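Some structures are shown below for you to check.
In the two complexes below, chain A is the common chain; its partner is chain B in one and chain C in the other.
Here is the complex of A and B:
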């Protein structure tokens, strides 16, 4: 089970209403390499991986949900005061007529989230390599977002998230080595 | 409802200390035999709990694993009251 904490993992502040930036940030909210995909991927894989890596998948998945809340906070704050006209100018007209000011799990191009973004292979090495790739893709996305964002407050939070993806990638690489060590030991009688 | 500067400072401290626990937990997940890291992790949990108690005593629980203090109830703390994290 999970217990809700009435605080963010890391502070999210926004300089000014900016629906264009919010639209781009949706890539990490409901996109293929975004936080929802990450959280759901690891949370689902963890049931059938070796005991040695269950803790890591559980803990990283839980952290991804806190990243998802940070992204939601950014998008919410960047759009809450936008008029329908401003949303339309930002390319969020289609989003507005379907969802109003509410958030939705879609990518920056408005494509809704799908479970086909993620995989679970029942093979711990295959799964962990997917997880490493997912973290690297998320890190790259955060870099591109920082490159197009001119909001210094948002960039602070994005840099934090980019670094977290680096750490997760590193931990998953270490998890692969832990499993390889275990496998190699089993071959020695 | 506006957040006072003092509350904001203390909340940031809670976030910092909780983050140290998050980070060291992931590290110890893949370094189970690193005794120095495990010691840092235990110390971090203790420190995070201390800072959290300090915050929650004044401003009320951040999660329902803490009992609301008399002081927090007196200032009108309720679980179901703003600000929620995205409203701060």
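Here is the complex of A and C:
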């Protein structure tokens, strides 16, 4: 169960009309290493990881949804007033034909989101190592987005999101350490 | 917020037959979290306002990232 707060995790401001940037941002919206993939991956794995780390996966998944909401806001703001011609110039012509001005879960190349982006192996170490890799890949994606974006306001939000990936990666690494502590433990009741 | 501590670099092979002007040193990111498995207690903290801005309560895990760094 969730309580929804009607505000963004971090302010999203857009300083230039740049629908091409919206196309690139879709990599983090509906891409393989994007926020949707992250949120769904952790929210699903959480049921079968050891009790100690269930809360961590639930919390991080919830935060990923708030990141998804930030990305949606950026993409919406960058495209809402664009004419079909401008969208075409930005490489979003096919997107417009299929979805109009609405958003869709697809990556920067327009490939729709698929559950094959994520895995749930039922092995705590395999799952947590996938999660660490996912965070580092998302961090790198944010770096390349910052590199192609010349919008200082968007980059400010992207830097915040990138930093959150750093912290999430660290927390997953700590989860692995917690599970390593279970080795050969003799439980006495 | 520029943290050269969390950046690496290497010299890639450069061929005399490369078609483009070669980049002699390639930079990459070594983010702070990879240097610890478990966060030690009692790390210095950001002010709440700064923490909300940076995305981390602890400056130790903030390495920033700016296109001006020329990583890629």
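Here is the rule we go by: the second predicted complex is superposed on the first by the 184 of 189 C-alpha atoms of A that agree within 3 Å, B and C clash if a C-alpha of one lies under 4 Å from a C-alpha of the other, contacts with A are read in each partner's own complex, and residues count from 1 in each chain.
Criterion: a residue touches a chain if its C-beta (ideal position, glycine included) is under 8 Å from a C-beta of that chain, and two chains touch if they have at least 3 such contacts.
Values in this document were obtained by computation on a predicted structure and should not be read as measured data.
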| task | Name the contact category of A:77: first (chain B only), second (chain C only), both, or neither. | result | first
| field | Partner chain in contact with A:6 - chain B first, chain C second, else both or neither | value | first
| said: With both complexes superposed on chain A, which partner does A:159 reach: first (chain B), second (chain C), both or neither? | reply: second
| task | For A:55, decide between first (touching chain B), second (touching chain C), both and neither. | result | first
| Touching partner for A:185 - first (chain B), second (chain C), both, neither | neither
| query | Looking at the overlay, what does A:167 touch: chain B (first), chain C (second), both, or neither? | reply | both
| task | Could you tell me which stretches of chain A are touched by chain B in one complex and by chain C in the other? | result | 10, 167, 174
| Residue ranges of chain B touching chain A (in the complex, touch as defined) | 11-12, 14-15, 18-19, 22-23, 25-27, 29-31, 61-65, 79, 84-86
| request: Note which residues of chain A are touching chain C in the complex, please. | output: 10, 136, 139-140, 142-144, 146-147, 149-150, 155, 159-164, 166-167, 169-170, 173-174, 176-177
| message | Taking the touch rule as given, give the residues of chain C at its contact with chain A in the complex, in rising order. | response | 29, 31-34, 36-39, 52-56, 61-67, 71-72
| field | Residues of chain A touching chain B in the complex | value | 3-12, 53, 55-56, 59-60, 63, 69, 72-73, 76-77, 167-168, 171, 174-175, 178
